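Note that the chains are named A, B, C and D in the order they appear, and that numbering of residues resets to 1 at the start of each chain.
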Amino acid sequence: MNQTTGNDGSATDTFAHVEDRRASSGIDRDLVNIVAVFALSAVLILCSRFVSPALGSWNQVLTILTLSSFLIVLSFGQGLVILVGGLDLSTPSLVVIGGVLATVYGSDGNAFYVLPIALCVCALIGLVNGAGVVILGIPPFIMTLASSIFVASAALGLTGGTPRGNSPEILAFLMKERWLGIPVVVYFVVLFAIVGWIVQSRTTLGRRLYAIGVNREAARIAGIDVGLTEAIPYAISAACAGFVGMMLVGYSDGATLRMGDSYLLPGIAAVVIGGSSILGGSGSFVGTVGGAILLTTLGTVISAIGLDQGYRTIIEGSIILVALVLLREDLFSGLRLRNRKA
Amino acid sequence: MSYAASLATERTSRPTLRLKRMLSGGAAVVFVLYLAMYALYAWFEPSALSLYTFTNLMNNSAPLAIAAAGETMVVLARGFDLSVAGVISLTNVFMAIYPIEGPLGALASLAICMAIGAAVGAINGFLVAKLGLQTIAATLGTMIVCQGLSLVFLDAPGGYVAQWVSYELTDTLFGVLPISGLIVLAVALLWAGFSRTNTGLGIYAVGADEQAASLSGISVTATRFAAFVGAGILYGLAGFMLSAQTATGDPNAGESFLLLAFAAVALGGTSLSGGRGGILGSIFGAGVLMLLQKVLFAAGVSSFYTGMFQSVILVAAIVLGNLIGRTFSKGAVR
Amino acid sequence: MSEARMASVECRGVSKSYGATVALEDVSISIGPGEVHALLGENGAGKSTLVKVLGGVVEPDRGTMSLTGEPYAPSSILGARRCGVAIAFQELSLLQNLTVAENLCLPKLPAAKAGLFSRGRTIEKASQILARFDLPLDPEEAVGRLSLPDRQRLEIVRAFSHGTRLLILDEPTASLSDVDWLFRLIENARKAGTAVLYISHRLAEVRSICSRATVLRNGRSIDTVDLAGADDNRIFEMMVGRSAKKTLSTHAGKPKSSGAVLSVSDLTTDILDSVSFELKEGEILGVAALEGQGQRDLFRSLVGLEKRRSGSISVDGKVADIRSPKGALASGRGMAFLPEERKTEGIFASLTTASNMTLPVVGNVASFGVVSRSRERDAAGETADVVDLARRYLPFRISDLSGGNQQKALLARTVMTGARILLLFDPTRGVDVGTKQSIYEAIRQFTEDGGSVLFYSSELPEITSLAQRCLVLYGGRIVEAFEGDAIEEQNLVGAMIGHREDSAASKGAYS
Amino acid sequence: MRLNKLMKGAASATMIAGLAATFGATLAQAQDSGSDKKYKIYLAMSYSGNSWQSEAANIVKALAKTPPYDKQVELTEVISGTDPQAQISAYESMIQAGADGVISFPISATALNRTIKRGCDQGVKFFMYDATVTEPCAYNVSFITAGFGENTAQALVNELGGKGKIFLSRGVPGNSVDKRHTDGAMHIFDQYPGISVAAEYYSYWDDRTTQQETAKALAAHPDVDGIWAQAGEYGAVQALLDKGGKLVPITGENSDGFRLALADPKMQDMGLKGVSSGSPPASAGYAFKIMMEVLTGKRDLEPMNIQYPLPWVPAADVKLCEGDTFENGCNVFPSEKVPSSFVTEVFNPTLLPELTLTSALDGNPTPGATIQPLPEEITKAPDSPGINCQRCEAPENQYELTKVKATVQP
């Protein structure tokens, strides 16, 4: 059979040409989406000059990058969970546990072993989430919500409500110091984004997660250990959330029991705005990073507008909606879906 | 085997089939759970069986039950609707700053609340069904806008809900039937009717397989749109009932409903990936969530242990439901 | 020839393109009343698009259509239905969470009072339809619980219930091994004057029921021929644009060794009943059965997807406790499974073809967990050559490939796992002639290199030409085994319909 | 102790252990009711997740264990979450369980009213601390009406010399306490045309949020001259430190970190000035003691709004405590003893002499301490519509300055 290809070169070539275009338009779409997210952030920063002349500066960019670091780290884990079609609602509590363990046990110069152990504890909690979802078949929504409540209660019992201790020095260094005029955490975030992107898009693990997210049954038949693999994102997500807790400890020198609350929805929103489907199996971490930066930028610009909170909230929501319409996957993929089996 | 003969053998097994379907549906499991928890509650706290306690429990559960019912419509059509929090806040604020007295006033208020919900639902529907945005993202946007609007209208808790609404709707009918319970019942009945319309069936179809639904002649756009509008109307009703209970306005009133509504839906056996479940389960799911606190209180669980117990019981309930469901059924049933 | 009478359906110069992609160009086709007209072409030739244009799913860019002389331009699938045009889709359009009756009556169920539909009348109407088309299904059963063939029948019945003027059947026999029922229905419709557009890769089937055929290639209608006057070679040539090779080769030689690499004894599941057999090194072992006789359970239980009740599976002489496909891969020389449903069990639509192929062994093309793109490309490329899949498709999303190329990629995936035992469930389902040849060649090559293959096919000629031995399943049991020249269609059919069996416990056989 | 609690937590993870504990608890209750009559008091918290909330709860718990209350009180702590529905449900349960008194941090000023009214009708005493309700049958014990907003605003204006760009770091949007504070502050700021509010943001009374929001505002207005903050003020200090450069005058609430910063000469050199004032967790203890006096008949008091004095510690008055309580006028603890988010105003030598640091941190009574009677006189809080009364008028002089005088004229 091999020799028959190319007998009728022209016809097959035309066909191949046709296929080429389709495929390339698919790749373009992902890229366009990511570029669009970052471009929108840039436009927002530039437009913010109209709000205040001090905005749009290099310093503002650094502030945004610093503030978005929490969201970026958090949404990496959340993104992996969403990639396999789950959802992790336990992140706020794990932010707290990470922060509490770091301050309560890690402030006396023994951070070098306390922090890794604390991250492992978080990952273990995440693994319990994963086990509940995979083994017991509990919907991720309920499992992670329940473990969130449990962990928050445990943290309350553990600390009596007031986590004592201060930030370990290493965390203060990460969040507070500057190197060559740029906050250390900005270097960290760039590194994290690259590593995160590699993990999600270039590793065997990432590949398997995509496969499970796209088609769980096919992944099982293809010989992937779906159960174990599906639990891993929950562990990673928990560890990421725990690390965000530590970053917050370094940032403001101490932990409180409610410091994770404001990260739940933005963490999910960053992933979705970054172009991933909430149903799993698509998206890229670079897009998520863009989503996180876009949301943080929006917050920065909004808070500089001199209006009542109500109006500012309305503007914020409207801008999110407009951004979504502009970033609409549909614009690119609507065609693709229909001509797929042409 | 002839057609008629084979059909005859099939028919004999139908009643058992129906029973299996009922038991495998989430509603039955969560209903049993509700009864069991109520029994436990009554055992710890005999006055749980009094009309007064029951009415209070109904009043307390009704807003969440109705909100969860609305959320179910969107979830069935494979979506997430975060705007539930925004609509409840917005309608609650409306009720508190524009009280309209008397039974007719209440009716007018109700209509306006539902209209607000329907309008937000229509915007969601437009963004999702027409523009193709992801449900969770689009409704996040509308939720934030609604919260902003609530703050614009009422910048701190306050205002007074019409007396008629706050007294009559939390009372009992003929001294035995809690009115809020009757309203929840009415929602359940309306749903029973709606699920027997073509649109209602379409929601299940679209939630299960959008492409197949479209090839079967169902308008996916119109169905999605209807699901969001229907959900919005129920959120409006939930906000109305919440106002009746709290008798005042709070621009953040809806926030706590967000996760609870989803939890109630999931607890009620509706699949969060669409196409399977129903609002009856969600209503009992909401009931279980509200009852859980009561049971734990009555059992003397206090302080931070409450949270631990809540989460463990939540998980145990789902696992139990799965087990029962699995025992009685295999394969996908509506 | 047909110009004499008024055509029932007529398409003139229909074109449709998506952006720069031309799906149909200047396609013309004409079907007379009561004619069963075949539409032939390779996967990706534009058949599905033409079907969708005719069915109102997509609107053509140019061209006109007419139905019994009147202009026909449906704006939706419902519009087409109102004109008496209906489609049985290849990728079934049934809703698995709804009942048989609801599926049949969608989107408007028979009304009761106050805008509600009536359950009773829905069931009644569905029962009538089912009875009319002789399909004994329980109208209240959820479609998700039906077997794949029953779902396909339901899809067909639904189309028949709506298509009074034009009936389009897109690969209606893809999962039916018994076509008599369908042909009876088509015959009835034909007699009633309905035009039927019949799409199938099975030329023998097409010949037995259709009078004329229109061939599509690369989105163009090449020609319409009288089937009686065109031999297979000529049709093949029109479809692929080159002359045909022999379509099926004769039996391969004897297996090289007689050592059993896979032995199954007393395998019992919910459906299977004490199945025992051996697969030898270098052997192609066929499984023949009517649908629903347990072949699906057999394959799936071998890789742990179905629960075993009793019995044992030994690979390379060692008892293997296989609980998942992953476990099957790791047992002895390894077993890899090619599943039945390409779309739901096979492909990962949004991943590239290369990634789809390397997925089970992605660790082999990675260092420290990071996948090397070049190594992935090379590895996938080598295997792509084995299954005759053009390397240029490797970086494309697999959903952009035609069904045949997808199937090649999936076969390549099982080969890439390094497993020396392949379990292929209907590997040529719904693929075109050219692809079939490539798949046969790959299977043969694999066994010549010492691999072993267990395969089930719904097409008997495949089994007779490929298999060195053949098992026949009936009612969950192996009722016969044939070897060498004894593998003939007649023998097989005799065993398959279970005439040697006294028990009448037939599950899927229709009287 | 902590480990012990953790172990308990782990144990209760299993259903079996959980049920066992449940039965145990009921049994314990049954035994209790056999002995002498104890007052059944419920501590109804909305949530317990920040230092303020847990300190307030801890001092109530500590007082309940201090003789003679340890023999008179059966205290049950209930945490219902940030959801008004849940707190309503919790109140209902308490009323049903025959509570004698409920001491509570209410989540809403208005939503709980009807439930409270029902409770009052059944003879339950409701004491609200810090946050208030508008139901007249409840006792409100709070500092809210004591003029935090206007006094701190005036102090800031004084520091700024009557002109400059300022930030408002507010609390929770749509919250009545936040609104009262901000209205008071704006009443002052509006009098000074030289003062311009450059940014106004919500900190949710949390250090981290304050720090992040302040950082965002600083990006837009790096040239800010002063910050008026509600709780979370230490975050504002940190945001300024993160940015580098000078500090500016900041008024805020009572976190230990902020007070230490105010007293730190290094910070003062960088430009930090200000006042520490605001919400004292001690009001919970005060409320509890009044409640006990009313219940035990030592005091005859109709439901009313009781004002807790506004803490007021300008930078110059900050004094480090050597021991575990406020002695000799000290009012801040060294950073080794408490986290920076610790709210210092848990002590009051006159009203709550029973308490020490361990009471606030762990809820344990001070060894040897006994409950001391409260001073006879209590301060009635002025009406504040939507905060402590429903259909009422605020007095003309509601924004009158009490702690500070205007040193600059508009």
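Methods note: a contact is a pair of C-beta atoms (placed from the backbone, for glycine too) under 8 Å apart; a residue touches a chain by one contact, two chains touch by 3 or more.
Chains and their UniProt names: A, B = Autoinducer 2 import system permease protein LsrD; C = Sugar ABC transporter ATP-binding protein; D = Sugar ABC transporter substrate-binding protein.
Bear in mind the structure is a predicted one, so any value in this text is a computation, not a measurement.
Trainee: Going by the average position of its CA atoms, which chain sits the greatest distance from chain D?
Mentor: It is C.
Trainee: Go ahead and note the Å separation of the Cα centroids belonging to chain C and chain D.
Mentor: 71
Trainee: Roughly how far is chain A from chain D, centre to centre by C-alpha average, rounded to an integer in Å?
Mentor: It comes to 36 Å between the two C-alpha centres.
Trainee: Distance from the CA centroid of chain A to that of chain C, rounded to the nearest Å?
Mentor: Chain centres of chain A and chain C, defined by C-alpha means, are spaced 40 Å apart.
Trainee: How big is the gap, in whole Å, between where the Cα atoms of chain B centre and where those of chain C centre?
Mentor: Centre separation, chain B to chain C: 42 Å.
Trainee: Could you tell me which residues belong to chain A and also touch two or more other chains?
Mentor: Residues 150, 152-154, 156-157, 309-310, 313.
Trainee: Going by the touch rule set out above, which residues of chain B reach two or more other chains?
Mentor: 150-151, 155, 303-308, 312
Trainee: Which residue numbers or ranges of chain C touch two or more of the other chains?
Mentor: Within chain C, no residue contacts more than one other chain.
Trainee: Can you work out from the touch definition every pair of chains that touches here?
Mentor: A-B, A-C, A-D, B-C, B-D
Trainee: Report the residues of chain C in contact with chain B in the complex, numbered from low to high.
Mentor: Those residues of chain C that touch chain B are 57, 76-78, 81, 87, 89, 92-98, 102-103, 106-109, 112, 114-117, 119, 127, 130-131, 134, 136, 138, 140-142, 144-145, 506, 510-511.
Trainee: Which positions of chain B touch chain C when the two form their complex?
Mentor: It is residues 1-3, 6-7, 10-11, 14, 17, 193, 196-198, 201-202, 204-205, 207-209, 211-219, 275-276, 330-334 of chain B that touch chain C.
Trainee: Looking at the complex, which residues from chain A come into contact with chain B?
Mentor: 85, 89, 132, 136-139, 141-143, 145-150, 152-154, 156-157, 265, 268-269, 272-273, 277-279, 308-318, 320-321, 324-325, 328-330, 334
Trainee: Touching residues of chain A toward chain C in the complex: what are they?
Mentor: Where chain A meets chain C, its residues are 1-2, 4-5, 7-8, 11, 14-16, 18-23, 25-26, 198, 202-205, 207-208, 210-211, 214-215, 217-225, 281-282, 335, 338-342.
Trainee: State the interface residues of chain B toward chain A in the complex, per the touch definition above.
Mentor: It comes out as residues 78, 80, 82, 127, 131-138, 140-153, 155, 259, 262-263, 266-267, 271-273, 303-308, 310-312, 314-315, 318-319, 322.
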